[in-house]
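This structure is in structure tokens; I'll ask about it shortly.
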Amino acid sequence: MERSEQERKTTGVNATHCSFRSRSRLVPMPYEVQTSVFEGPFDLLLHLILKQQVELYDVNLSEIVDAYLQQIEAMERRDLEVATEFLLIAATLVELKTRRLLPEDSAVELDDELGLWEERDLLLARLVECKVFKDAAAVLHSLSADAARSYPRRVGPVEDHFIGLAPDLLRNTTLEDLRAAYGRATAPKPVARVDLSHVNPIKITVAKVVGELVEELPRHGRTTFRQITSELVDRIEVVVYFLALLELFKRGIVELEQSQTFGDITIVWQGGWQGGVWQAGVWQGGAVETVAVTGIDDYEG
Amino acid sequence: MAEDHLPAAVEAILLVAEEPLSPELLAQLVGSTPLEIEALCGDLAAQYEAEGRGFVLKRVAGGYRYQTAPEQTPYVERYVLEGQSSRLSAAALETLAVVAYKQPVSRNQIASIRGVNVDGVVRTLQVRGYIDEVARDPGPGQAVLYGTTPAFLERMGIDSVSALAPLGEFFPAAEVVEALERGLHVVPEDELFDDPPPTGEIDETGGVDGG
Amino acid sequence: MAEDHLPAAVEAILLVAEEPLSPELLAQLVGSTPLEIEALCGDLAAQYEAEGRGFVLKRVAGGYRYQTAPEQTPYVERYVLEGQSSRLSAAALETLAVVAYKQPVSRNQIASIRGVNVDGVVRTLQVRGYIDEVARDPGPGQAVLYGTTPAFLERMGIDSVSALAPLGEFFPAAEVVEALERGLHVVPEDELFDDPPPTGEIDETGGVDGG
């Protein structure tokens, strides 16, 4: 169908690429994401899901979230609304992912479960809608391209004879109208933007935090999520820490305990850590580059 | 059928018109009926085409106008050096698509569909004359509602927005929706397929202007 | 005789030309000779006449242009008198205001200030007799400079342009307007249109607009 053809076209984007930090061997197709191309969170998520057939369970979510963070970082105009949208979607993804990592029998309120489903369906609906209009826009593009091949005659009457006939189009125009029209014509037409220069650019990534936690957690043995995030200011950083923690949990490097919904999460270090090299054998690439700090580059979700 | 003088009168008027002229206006000017004008213009367009003329008579934005035959574009463009204005960006096209199909629509509604702030692009499209304020939302806040303009129709080379393919035709193919759904699924694969597809939700958000 | 494509190419170019085009220019544009063009245009004119078209191809001021057929004059007059809206469009009024306050001013300068192509509007205003060519830019290119006409002053009920309503301080400073005139773009909005479409979904080919 035509649709899949368009998908392929989209895959073939060829402007500046920015490859993901991860050099994962688990994901066969190393995928690339164009920076500064995705106009919004839907754009990006559509790309990620449709192009790479990203499956949220198998392929690591943290890469997606990193992609989101990169996008926010790369945004030329730091636009609070856009950033919020990105975060909102990222948060929903995190929640979806979380649900799937947690054991089935964990005490999940039915309402929560339904709420999550609703959220998921809403997100899906919005993605589909976004896709619909993207495809409609492609048709508009070809329409306008076709129309541009035909130049309309806009010459008007050419013979002097007809000129004098024109009724006085200025009879209802006042000097004030003219002045106002000049004002409209010369208005600088600025684009409204929010000055966010005071907001620090987000530098944090899941990979980076995993690296930090792998270094930090063994010293504590047992700590809480609240504890390790107590110094953080931005909510996004907390989200990233949470993701990193989930990643470690998934790999059996930490155990997580939460006694009640919204209660503090207890983190128990499970792994061994010796001489700067991760011993459990799941930290791929750790042997190539000494982990901890340089772990950024080796992290895979 | 049309009287003898009508076709030539219509040709003359269209030659000096600077915008597409509606059948109603043409009928009024030459003393005819819109229906007759439409038949006549159809005949003229067919004649020009049969004769392989360098111009065509086209119905655009609710009216008729002369424009160059697409095959002659290379020659025309040698003459109309500055005729080529900017092309529409993807952002502009997507916003236009939303406005075209959802009009009258508020900026917030557009933003919600596109998932991005659209203030800049909406303003630009308005300055370019492709969209304009058509109404105010009667609800609280009285948001400005936008619609497409005749200039938009001219730019797209279509007679009216109803000439656009129905939005339903752009609904993603089943594989795509499935891929999206899989991408977002919460439960293991096998359970997934027991669940009804969330099309109900889509209709809801897709059909109603979700503020 | 003329090759097949030539007549249609000439027809297309003449359709969009705002002034009479010389056989020399036409020959150059379509790849022919002035002599051949003259023969061809003679043929076309004869065809139109034989077919009783509402337009004629006329040789005027050393060139060819389309005009309405003399027999259709009453209809054209009726259109000019009744057909058009009885007030200036917003675009035309803005352009007229720029000319009034900034005269003498070139089309390019007006276009830079208004951010859109103004050729059609300038032409309309000129045809209406509200503005006219008043000088040539002494610089390279010798652009035509426009100013308002005595007829404009008369319509507005003033003696001279110095009687125009003074621009208050809330209007952009002179430097801003001058920057605009020189074509320093107010960037962000234009970027929306001049950038290549950012996603691969929008095919990039043919993305040039003929507005």
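Labels A, B and C are assigned to the chains in the order they are written; within every chain, residues are numbered from 1.
Going forward, a residue touches a chain if its C-beta (ideal position, glycine included) is under 8 Å from a C-beta of that chain, and two chains touch if they have at least 3 such contacts.
Bear in mind that the values here come from a model prediction, so they are computed numbers and not experimental data.
A comparison of C-alpha centroids places B closest to the centre of the full protein.
In this assembly, A is the chain whose CA centroid lies farthest from the centroid of chain C. One simple way to say how far apart two chains are is to compare their mean CA positions; for chain B and chain C this gives 25 Å. One inter-chain figure worth recording: chain A and chain B are separated by 31 Å, centre to centre, where each centre is the mean of the chain's CA atoms. Each chain gets one centre point, the mean of its Cα atoms, and the points for chain A and chain C are 46 Å apart.
For chain B, the set of residues touching two or more other chains reads 15-18, 55, 66-69, 76, 80, 83, 88, 90-91, 93, 120, 123, 127, 155. The set of chain A residues touching two or more other chains comprises 39, 43, 134-135, 137-138, 141, 144, 146-147, 149-158, 162, 189, 191.
Chain B contributes residues 7-18, 21, 25, 29-30, 52-55, 66-69, 71-72, 75-76, 78-80, 82-93, 120-121, 123-124, 127-129, 155 to its touches with chain C in the complex.
Those residues of chain C whose C-beta lies close enough to touch chain A in the complex are 12, 15-18, 65-68, 73, 76-77, 80-81, 84, 86-88, 90, 92-98, 100-101, 113-115, 120, 123-124, 127-130, 152, 155-156, 158, 163-165, 167, 170-172, 176-177, 180, 186, 188-189, 197-203, 205-211. Across the interface of their complex, chain B is touched by residues 1, 3-4, 7, 39-43, 45-46, 48-50, 53-56, 79, 81-82, 85, 89, 93, 96, 99-100, 116-117, 120-141, 143-144, 146-147, 149-158, 162, 189, 191-193 of chain A. Within the complex, the chain A residues that touch chain C are 6, 9-15, 36-37, 39, 43, 134-135, 137-138, 141-142, 144-159, 161-173, 175-179, 181-191.
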